[in-house]
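Two complexes are shown next, each including chain A; its partner changes from chain B in the first to chain C in the second.
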Partner chain A sequence: MIPFDFEYYKPSSILEAVELFRHLLAQGKNPVYFSGGTEIITWARMNAIHPGAVIDLKSIPECNVMTFQENNLVIGSCVTLSVLSAVNPFPLLSETVIDAADQTARNKITIGGNICGKIYYREAVLPLLLTNSRIVIAGRRGMKEVSIHKVFFQQMRLESGEFLVQIITDRGYLSLPFVHFKKRQIGNVGYPLVTLAALKKDHQIRTAYSGVCAFPFRSIEIEQVLNDPALSREEKIEQAIVKLPAPVLTNAEGSADYRKFVLKQTMSEALSMLEGG
Partner chain B sequence: MIRQAVGKSVPRKETWEKVTGTAKYVDDISSPGLLHAKIAVSPHAHAKIKSIDLSEAWKIPGVRAVITGEYFPVLTGSPLADRPPIAMDTVRYYGEPVALVVADQEYIAEMASLRINVEYELLPVVHSPLEAYQQDAPIIHQHLAAYKRHEEVYPEPGTNIANRTKIRKGNMDEGWKNSDHTIEIRVTLPQSDHAAMELRCSKAEILPDGKVIIYSTSQSPYVIRRAISQSFQIPLHKVIVHTPLVGGSFGGKSAIQMEYLVFLASRAVGGRAVKLANSRELDMISSPVHIGLDARIKLGCTHEGNIVAAEILHLFDGGAYSDRGVVMSRAAAVDCTGPYRIDNVHCDSLCMYTNHPYSTSFRGFGHPELTLAIERAMDLLADQVHLDPLEIRSRNAIGPGDTTPTQTILDRSNVGDLPKCIAKLKTLIHWDDQPIKQIDGHLIKAKGICCFWKNSNTPTDAGAGAIVIFNPDGSVNLLCGAVEIGQGTRTALTQLLAERLRMDDRMIQISTGVNTETDPQHWKTVASRSMFLVGNAVLKAADDAIEQLKNTASIVLGFSPAELNVGGGRVYFKNRPDIGIEVEKLVSGYKFPNGNTIGGQVIGRGSYAMPNLTLLDPETGKGNPGPEWTVGAQAVEVELNTREYTYKIVKAATVMDAGKVINPEFARSQVTGGMSMGLSFASREAFLFDQSGSILNTQLRTYKLIRYGEQPEYLVDFIETPYLEGPYGLRGIGEHGVIGMPAALANSLSTAVGVAINQLPITPELIWRAVHDSV
Partner chain C sequence: MPSYVPSSYPIGLQVNGEWRTIRVRAADTLLYVLRESLGLTGSKSGCDNGDCGTCTILVNGLPIKSCIMLAVEADGQHVTTIEGLIHSPVLQAFVQKQAFQCGYCTPGFIVNCHGLLSIHPDANEETIRIWLESNICRCMSYEEIHEAVKTVFTPKNAAKPTANGS
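Coming up: the complex of A and B.
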């Protein structure tokens, strides 16, 4: 039960959406964009957010594409996790998103929503960080295409009125060797203790993490250590652990100590599968 | 040819309603003008209420009433009346109702409930039953001595002890003197949720003549009637309770909680119809929960492995109010030793107050908890004496001629056959063919076993009634008060009736819901006793109807009633079955060709209450608490990954003495469902509290349940040793699948990992910690 009234808008173009936002903001309605809507419901039920208006992006054609354009894979922000994993144009992304939430929720959750969400796991971003994907953003000043590393730092850094339209990934990344692990407290559904996505490009292993800290990240420092040929696997992991960008999480899924144990274990599995060759 | 009804897997009567989605539950009921209630709850585990400001809530258009505990000060709860439906002066758990709003729409009520401003003064929080037990613990109930007592209950004012049950059997000095081996163990398990699919929901209306109509998701419609009548001084017959199909309950819907609130809500708006529906979050923490336990056990045995002494202390986490926690702590004393012959027993079983949500009955009623403790102790003892875990259990298995902790003498009828269950389990899980522990690289397969027994701990006069009404075509309507909570009891009761009337069970109609105005009383649909209590009433009603049919037929046919039989839709002469008369010609009275009529509509009535039960002696526990024990043996096989301490539950097995299996498919489903619940809470379910006593996981995304696809292979088998007082010899089986699962899981994982796992839930992190802490 959402305990307050709010207005609902469903624009059918990018321009209309941006204009609506500007208009509703000026009216003091504290508008929010959404696509799948699962997080709006989650937070509104708990009385944690109070938007006066919501703008549903699902009717915008650009937000629903999933296509190859020349050397790029273009994925609209409103493509659901279910569709993404069923069509499977990007195997690492498919594997990552099919482990989020449960089937019913994945039928609603979209890739844009997962990345832009307040729930801090945002696992769909991990493959994008590893592949240096680019993000198409719409805003008051029109459209722009920027590297994921410029707009995603712990969370999406969008300006007021901006929204995520598309994700563009270089085709060359899609066939690289990769691994993905999601370790949970127990069972096959739930938030991660540790999610690790990794791929190998030009003999270098890239890794990105969710669940370890209170935000997802890819760390160049960690990658340097993991790719240091002078170190044994155990040494790599011991050194990588001290380079984590923030304290390890303790929450309902598990304690920091245990997470560290699981993280080391998972790193070891990832390295053993990607090293060599 | 008369179709046999007992022993057949007939489908549920409500199958079509359920599979087509047309089945109606309480929350599906709507009517024009229905108002909605929502509660505001405490964000603190223990605090004084300094003031409550309702003004902001009242400002919202559509709000009809806002009430607090002062609106109708009353203490509720049975056996011990310690709980105001809405907190007064003090809150004692996170999630306790502090105010209630009634509004035109549900969301308006919710919005208003969020605008109620309460000023609190924090009090020290009691976080566990062990803390509550300490001499200097903050006292949670200052007026414990003044609380009204129903049923037997022994609170200890000035402490946090809501109830103490003592078992004093034999001579402990003797026991310890004869012990060549002793072991001691502490076992703990936390509070968790019932997690029924259907959330609790109640609706109330007070008619102009003072009649109160309640609809509720409940296992106890007749107790709701009594509780509302007593608490609000309304004549019993003016309270009418309806319980349609219930979507799972597991004990959680036997407590009366929402019903008080929704009655007060309706009263506050002049008797208009009001509905109160829980959100998942409130259902988990504001409504009562599954009890926790902190147990200490000391066992002694001879060189041969014969157990001669047991000393047991149970500290149950009853939470902020005692409710059925009192009775569960007693039940856990009554059966404290598990199904083993022990001559010297000393047990104190306590229901402790803590600043946790309050506990109420949970499937197994204290037994999954006591069984985890005693069965971990049994494995430890087996290890010490170097006996096979099944062997030590066989050797000590209780049986005819032995006495229970409450000194009841057992016979084959009241205890069934545990050695037979153990033997069958042994074959089922290939106990002798494979080692208990098999190592394959970083994977270890291991088996854990346990035994259980369970009697019920009902009031000594618990009973039920039934009415059998014949329709003009010879079909039958069965009226009774057993609630359909998914267990299939109402269908199985029609099987008993069909068997006794020797008719086709498809000719018997039974409603899906219960209406206290028209259905004869049944104590509660709990304790795995509905088939026994209502079943006996149904058989008596059937016999009554048979007698009426025979009496009328005897006049028509010219034989004495004793020479007649009923079956296959006819009443006939025993020695010449071809001489007889169709039942349908008798059921509305028999009309002679000249128009004269004898007899009238055939309406059979029956009732049954448990005979020979006694209260327990407060000093020794001596007494007869329940009619019979269902015994069984269970096993779990796990595969542990020693790299990460994750594990897969490969197999789970149960062999139980069911007395008589009435509907094999229902029985198997019921036992399997119980096993699934047991494995779920044993492996992952627990409320997580922070330092202030707030609960951190009030949603199913962080509160874990076993999910479809994670289930092991389930093996279920039955032994049938008749219980002579039960219909066709049946014993209770509704709860029992759950009982030994936590123990069997803990035993299997302790064996696999080589370190004792004496705590629930057994998450991989817990195992990692146990290993980590042991080196």
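Coming up: the complex of A and C.
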């Protein structure tokens, strides 16, 4: 049970949502945008966050689209992970999100909520980083479309009052060869030791990771090493490990040493499947 | 723009085929309202964290963990709880196969399996496995649960999940 009250609003347009946020913020109500809401409900139940108002985005049409527009796939932020994997317009993204949480939870969790969440795995962002997807953001100054790399550094960097409306991905990326691994300590449901998503474009392998450090990331330095033709596979992996952007995690899922062991194995599998051709 | 008093929100929802109107706190979970306001105690409170699945209900036919859904989100929706599934073949199969021990997880399993049967009546083994991973049985009755589920599905093949498991 959530031990405090908050107000609930369900705007039907982007403008209404933004105006609501501004209005509620001015009243000191500490508003939050709400999509699937699973993480907000959990944090609130634990008394870890105290929003005075939630703004439910699920009635905003632009946040519910999943369509091709010219050469782009457009996915609304309120599309659930289960719908995304069932419709499957973006196979790497489908394969990534079907490994998040469990099937019933994926009926509630949305792509926007996963990417903007505070729990640091945020695995749905990995395919977006690999495909240089663009993000449509709404805020006080209107709408803007920016590269995922401009707004996602370790986590989404939205300004107060902004929310994620849509994700746009070039259609050309959707049919590229890819691999995805999510390795857990045990079982098929739960947080990862290592999640690795990789795709190959123009004979170059791109990789992105979650569960390795305290944030998901794609590293150009690591990709340069992994694509260096002068190195053996073992040398690539040994040099890539040195270029991780932060200390390797130690938590209930596994120690840093164990994670590095699993990461090396996973990198080797990914390279084996994508190299050549 | 709609504005509500925080302590009391009017909502209307169809529960097990019956239209109900009720006032709820915005912070009330759907599980809490079903149990404490509507007296439908078949949906159990387990982890309250979206992990165990014993609070699973159907919202517009789709399995949802009611501990991670606000009651206000269910305004205007069709909700089915275990109380609405007394004639479900899934429930009968669980009884026949004695697919429970303490029974605390059983409502969630039955509701989830009923949802799967409604959406994918020809679900294969892989799809069944993916869906039922949403529920936990601490008594370890998984073998009997699997036996019960097999009796209501006739999987056509055991290869790939049906429609990506969804």
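To be clear about the criterion, the second predicted complex is superposed on the first by the 277 of 277 C-alpha atoms of A that agree within 3 Å, B and C clash if a C-alpha of one lies under 4 Å from a C-alpha of the other, contacts with A are read in each partner's own complex, and residues count from 1 in each chain.
What we mean here is this: a contact is a pair of C-beta atoms (placed from the backbone, for glycine too) under 8 Å apart; a residue touches a chain by one contact, two chains touch by 3 or more.
Keep in mind it's a predicted model, so treat the numbers as computed, not measured.
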item	value
Partner chain in contact with A:Glu235 - chain B first, chain C second, else both or neither	neither
First (chain B), second (chain C), both or neither touched by A:Asp170	neither
Touching partner for A:Ala86 - first (chain B), second (chain C), both, neither	second
When both partners are placed on the shared chain, which of chain B and chain C touches more of chain A	C
Touched partner set for A:Ser94, first chain B, second chain C, both or neither	second
Partner chain in contact with A:Glu145 - chain B first, chain C second, else both or neither	neither
Which superposed partner A:Glu159 touches (first chain B, second chain C, both, neither)	neither
First, second, both or neither for A:Ile2, with chain B first and chain C second	both
Chain B versus chain C as contact partner of A:Asn188, first or second or both or neither	both
Shared chain A surface residues [contacts with chain B and with chain C]	1-2, 4, 45, 188-189
List of chain A residues in touch with chain B within their complex	1-4, 45, 47, 183, 185-191, 251-255, 258, 261-262, 265
Residue ranges of chain A in contact with chain C within the complex	1-2, 4-11, 16, 19-20, 37-38, 41-42, 44-45, 54, 56, 58, 82-83, 85-86, 88, 94, 98, 101-108, 188-189
Residues of chain B defined as touching chain A within the complex	106-107, 110-111, 114, 279, 643-644, 646, 683-684, 688, 696-697, 701-702, 704, 706-707, 709-710, 763-765, 768-769
Contacting residues of chain C [partner chain A, same complex]	1-4, 6-7, 9, 25-29, 32, 48-50, 53, 56, 62-65, 67-70, 72-73, 112, 130-131, 133-135, 163-166
